[in-house]
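Chains here go by letter, A, B, C, D and E, matching the order in which they are written, and residues are numbered from 1 within each.
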C-alpha cells in the first residue's frame, strides 16, 4: 500500500520535465540572456545600467526573502547591503595594500563572498534582538536600527569613512577569467556572474526546509510552534540569509562603484528596495527581478527625461498597492493565465483596464510635466509632439481633464466587470 | 567642431540645493559669454547640471553618466567629500581609458590635501584652499587686541576639520594669548536649529566665532546667532552663501566677515561691471557671487586657445602654470600643485553699499588694506605630481 | 548652570514641537491602528500652505486656514485611498502611507521648488522676549509653548471629556458595534484622520518658520515622530507628551555636553586620540532617539504609558 | 508504575484578576481516549493552551510522560511528542495542502532548520506526507491552496497537520465543530484511525461524538473539573446534568445542538 | 392587516466564496417576539449580521416599510433597529456608565430611558456603574449589552445567543429580562439555542437549516413537531 501511495504521490508531484521547465529553465534563460547581451555590443551607458540592474536584482530578491517569503516588513534592509558592501570595500583596500599573506592571493572577483559574509554577520548580530518580534514592531525596529547605523556611519570614520565614504581600486590582486576589472565590460561579466549565482542561490533557498518554514511562519507563526519549530528561530535564520544576499549585492556594488558612503545604509536605499520588491510583486519569485529591472531603468533613464520621475514612481507604487497588490509580476502572470483560459473575456476587460490606465497616466503626465516646467524657473516648456503646453494654456487643462476623466471611467468599468464576475 | 561639454556635478536639490544652483547658473552664464565671443577654438561650451545631493557615491553615478554621454570636463565645488571621490574617480578613469581623459575643474572644494598629498594632474583648483583662507582671516584676528577668546564651529567632514585645524594652528602661531574656548563639529547639512550651539557659544564667553560653514549650515548658524543677540564678530569663509544676508539682516552689519576672491563692490572695469549686471539681470533671483567660476571658464578658454586644441590633455598642460588677467588681478595656476593663486579680500557685511545682495541695501565691502596679494597666499606644498608623458 | 537653563528651555520647546507633530499621529494610530508614514509629510504641507497663505495675507490667517486645508486633504486621502487598502490589513496601510509620503514630497518639490522657501516668523512675534545670561530669548518660542499647551488641552478634552472621545475609544475595540449603536464609524474615521492631519499641519505652521521649510523636512522629522509615538506608548496622549519632552531634552542636553567618550569611560582605558574615545556626547544626539526606540521595543513593547502592544 | 501520558496537578491560570482555570487535577493514561466537555467559556480551550504551552500556567504542574512541561515553549513541547489542533482552523492558508502537511512532517523526520537540502529530494518526507494525505483522504486535493478548501476539508487538514508529526499525545479542540452529520461521521472515523494506539484528548460539544468515542470523560465547569468518569457514569451524574447537560430534561439538552 | 416591523425576502449572504445564506424569508410583526432556532453554523448569526449590514446582504430587507438592505449599519441603527451581537462587544476599557452613554444615538434627544433608570432596573449594574466594563462577569456583560442597546430606543432588537456560556441560573434571569423588554412593546428577534427559553418567551418560532428557514410556527405547534426537531435541531 505504501508503494501505491508513493506512486500516487509522485503522480501529484510535478514530473521532472515540469520541474525542469518551472525551476531550472528560467534560471538557464536568465544566464543565457545575461551571457548573450555583450554580443550585441552595448554602449558604456548600457553596460553600467546593466551592472546596476544586476546588483539591484540580487538586492531586491534578498529583500523579498524577508517581505514576500517571510512576511517581515523591513525598513532597514539597506543596512545589510551597506555593511556587506563596506566589508567588500575594506577587503578591496586590503587587496590593494597587501604585500604578503591572504589578501595578496584573493581575487577582486570574489569580493561578493566577503560581502555575503559581512551582510550575514550583520544580520546575525542585528537580527538576534529584532527577530524576536514580528509584524509592525519588527518594522519599527528595523527602522530604528537603520537610523542608528546610519548615524553611526558618520561617527566611526575608520569603518564608514565619514562624509567621504571609503573608496578602493578594483584593479588589484590576481586576475580571474582574464578580467582586469578595469573596463565596464569586465565589470559587467563580474556582475552577470554574481547575479546568476545570487538568483540561483536565493531560489534554491526557497526550496529548502528552512525556506518552506519561512513561508509557513509568514502564514501562521502560531501554528509553526505546534509542528515543532520556533518561529523566532526561523525568522532569525531567514534574516541572516537575507542579510547575506543583500551583502552579496553590496559586494557587487562595491566593485562596481569602488566606493561606499554612509548613505548606503540609510533609509533611502532601504525604501527603494522596498519599492522594487513591492512594485515587481512580492508574491512571485520573479517579481523583485521585474521590479529591479523596471525601477533601475526608471532611476537612471526616466530621471533624464523628467525631473518628476520619483513622483511617477510614487504613483506607480500607490496604484499597485491599491489595485494590484501582486505587483507587475501578478499582472503579467495573471494576463498570461487569463489568456490561456478565457482569451476573449480577458481581452475585452483587460483592454478596457489597460486603456483606462494608459489614458489616466497620459493625463497625469501632461499635468505633471507642465507643472514641473512651470515651477523650476528655467523657462522651459513641455512640448509633446511639438504642442506647447503651459500652465496657462487652456489646451493643457482640457487635455488633462479629458484624459484623466476618460481613463478613470474606463478603469471603473473594468473593475465593476471583474467584481461582478468574481462575486457571482 | 564638437562642443565642449562640462558636467556640473553638485547638489541641485535638498538643503544645499541653492548653493549648487547658484554655481550652475554662474557656469552657464560664463559659458554663454564665451560662446557669444566665438566659443572655445570655435567650439561651443555646454554646461549641464548633474544633481549629486552632496553624496560622493551619487556623484560617481552622475560622473559615470556624464562620461557615458561624452563629457570630458567636470566641474564641482560643493563639498570636499565629493571632490575627494571625484578626484579618485577621474584618476582611475584616465588611467583605465587612455585617450578619453577627463579634467576636473574644482571651483570650491578647498580641503588642502587636494593640492598637497593627494594632488592630481587632472585636478585644478580655482579657489584658495582652507589654509590659505585661514591664514588671511587670522591676520585680521591677530590685530584685534580686544579679542581674547575664540570659538570655532564647523561641519563634520574633511573640510570642516581642515578649517578647525588651520584655525587652531594659525591662532596659536599668531596670537598665543587667544584662548580657543571651543572647537566643535556638527553633522553636515542636518542641523535644523543651531540655537543650542549658539547658546553654548554665548555661555563660553567667546569674543569671536570662526566658521567654515556653507550652504544651509551657514545660513542657520548666523540666523540663530543673530536671534540670540550675538553682537561680536563672526569670521566666515562663506558668509556670502545664498540666503545668509537675509537671515543676518541689519544686526550683522560690521560683525560678519568673509574671506573671498572677489565681491561686487570692489573697484572694477566697466566690462566686468557689465558682465555682473548682465548676470543679475538674467537670473534676477540670484546675485553674482562666484568670481572663481568666471575665472575657471575663462581660463579654460584661454588654455585651449593657447594649446590650439580642445583635447583635455592638451588643455591640462596649458592650464598647468598658466597666468590669467582676472578682473581683480592676476590669477596663476601653480604648476607644481594646480592650486590657483589670486588676490584675496577680507570682506565685511556693510550697510548702504552700491551693490546690495538679496534685494537688500546690505552687501559686502572691503577696505584697501583688506586686500591680500596673490603671492602672499602662496604656501609650501607637499605635492609630488605625476604628469603624463607627452 | 547657564547651560542647564538654556538646554532646559530649548529642550522643552523642541519637545513641544515634537509633541505637536506626533499628537496627530497618536490620535490616528490609537484610533485607526494606522501608523501613518506620511504624517510628517502633512506637517510639511502645513508649513508650505502657511508660507503661501501668510505670504499673501497674514500669518494669523495661515494659523487657522493651513491646518484646515491639511485636514481636508487628510480626509480625502482617508476616503479615497486608505479605505480601499484597509481590507488588506495593517501592512498594506503602512505601505500606502509610505507611498503617499513619496508623492507628497515630490508634489511639494514641483509646486514649491527643491530648495527652502522663505517662510518666516511673523513680525509681531519677532522680538526678543527676555535676555538670559547674555543671550536673547525670542518671543516666538514662548508662542510655540502656548500653542502646544493649547493643543494638548484640546486633544485631552476631545479624547477624555466628549462623547466623540468615547466613540473614538470604543471604535478602537469594536468598530462594528459602535456602528450598530448608531454612530457613523467611517465618518468618524475620516474625521479622525483629518483631525490628525490637521494637527500635523498646525505643527507645520508653527515649526516651519521656527526651523526650516524645505522639501526635506518631512523625511527628517518622519522617523522621529514614530519614535515619539512608539516610545510614548500606543494610544496614550500623555505618553506621547512625555516621550516628546524626553526626546527634546535628551537631544538638546546631549548637544550641550562637551564630554567625549574618553572623558566618560577613561576607566575603560579609552584615550582621546582613539576613534571611540574621541566620540563626543554631542555627536550622539541624532542617534539617541533611535536607540531609545529599539530599546523600548525590545524591553517594553507597550511603550512608556501605552496600554497595548503595537 | 508506568508514567501517565499526561498528568495535570493543581493547574491554575488567571488573566489579571479573573481565574479561568482554578486548580485542575487530571491524569490520563497512555492510550486512553479522554473527552473534556463543559459549557462555553468553561476554560476548555484555555486548558489546551496551558498544556500545549501557548499559555504559561499561573501555578501547578503539567507532566508529559512523567516529565514536567509547564512553562516550556510550544515547539519544545511538540518535540516531546504532544500535538494539538485548534478550535478555529489554524492552517497555513497560502500554502498548498501538501505543503501544509509537509510542514508538520519535517521536524519529526529530523530535518530541523536545514537550509542545505532540497526539500523536493527528501524521499522520506514525500512518503510520509503522502501517507498522511492518503489516510485523511486529501490526496486528491494535495496541490490546492489550503485557503480554497471547503470548510470541512480545512478541519480535516487541521487534523492532518496535527497528526503528521507522529506525536503520541494528541489534543483535538472541537474537531467536528461546524461539520454536517456525514462529515462528522467521517471525521470521527478518521480520528479513530489516526490516533490508534495513541493518547487522545478531545474537546467536543457534540455529545454523540463524545459518548461514542471516549473511554473517559471529564466535565469542566468554570475552571474546575466537577466530574471524571466513564461515559455511563457521566451521563447519569446529577451534578453534570445540572451544570452542563441541562437541569430540565434530556430532550431539552438535545436542543443544545 | 398591520405592516410587518421587519420583512426579509430571499436574503442571501456570502463569506468570500461560501454561500452561507441561501434565501432566507421571515417576518416580524410589531410587538412580536420571534425565536430563530437551528444548529450550530446554519447561518442564524449571519442572518442577524446581514440584516444589520455587517455582512453584505443580497435580497430584500424592509424595516418599518423602508428598504434597508445595503445601508450602512449606523443608518439602520438610527432607524430603530437594535442589535446585541453574539460576541457582546462591550467596551472593556470604559466604565459601565460610559458604555451605557454610548448607546445613546443622539445626545440632544431624550430617550425612553436614562442611564439612571437603567441602573435602577438592574441593581447588579448599579453596583458596578463606575467599574471598567471589562471586569464584569459574563452575565453582567450580557445585561450591559442589552441595556446599552435599549438606551438607543429601538423598536426591534435582534439578540444573538444571549445565554451562550452562561450558568443556568443566569440564563433564567436573562430570559426574564427579555420577557420584560418585550412587555414594553419592543419587538424582539431572538437567536437562541436553548429551547427552554426560546419556547417560553417567543410568540413564534422559525427553524433554520442550510441557510434557509425550514419551518415556522407557534411554540405550541413546535412542541408537536418531533420530526422538525429531529431533522433540523438534533445531532
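Remarks
Throughout what follows, a contact is a pair of C-beta atoms (placed from the backbone, for glycine too) under 8 Å apart; a residue touches a chain by one contact, two chains touch by 3 or more.
All values derive from a computational prediction rather than experimental measurement.
Where touching is counted per the definition, the chains common to chain B and chain E are C. Common neighbours of chain C and chain E, by the contact definition above: there are none.
Seen from the C-alpha centroid of chain A, the farthest chain centroid is that of E.
In this structure, the chain pairs B-C and A-B differ in their number of contacting C-beta pairs, and the larger number is found at B-C. Ranking all chains by how far their C-alpha centres lie from the centre of chain D, first place goes to B. Note on chain placement: the centre of chain C and the centre of chain D lie 49 Å apart, centres being C-alpha means.
Separating the centre of chain A from that of chain B, both taken as means of CA atoms, is a distance of 39 Å. Centres computed as Cα averages put chain A at a distance of 43 Å from chain D. Separating the CA-averaged centres of chain A and chain C is a span of 31 Å. The residues of chain A that reach two or more other chains are 154, 377, listed in rising order.
Within chain D, not a single residue touches two or more of the remaining chains.
Residues 35, 81, 84-85, 88, 90-92, 94-96, 98-100, 102-103, 105-107, 110-113, 219, 223, 226-227, 230, 275-276, 279, 283-284, 286-287, 289-291, 293-294, 297-298, 301, 309-310 of chain C are the ones that touch chain A when the two sit in their complex.
Chain A meets chain B in the complex at residues 43-45, 48, 154, 162-165, 167, 169, 171, 182-183, 257-261, 263-264, 300, 377.
Residues 2, 5-6, 8-10, 12-13, 19, 204-205, 207-213, 215-216, 218-220, 222-230, 233-234, 237, 241 of chain A are the ones touching chain D in the complex.
By the touch rule above, chain E contacts chain C in their complex via residues 52-54, 72-75, 77-78, 82-83, 85, 89, 91-94, 98, 101-103, 105-107, 148-149, 152. Across the complex, chain C is touched by residues 12-15, 17-18, 21, 156, 182, 184-187, 190, 192-193, 195-200, 202-203, 216, 220, 227-229, 243, 246 of chain B.
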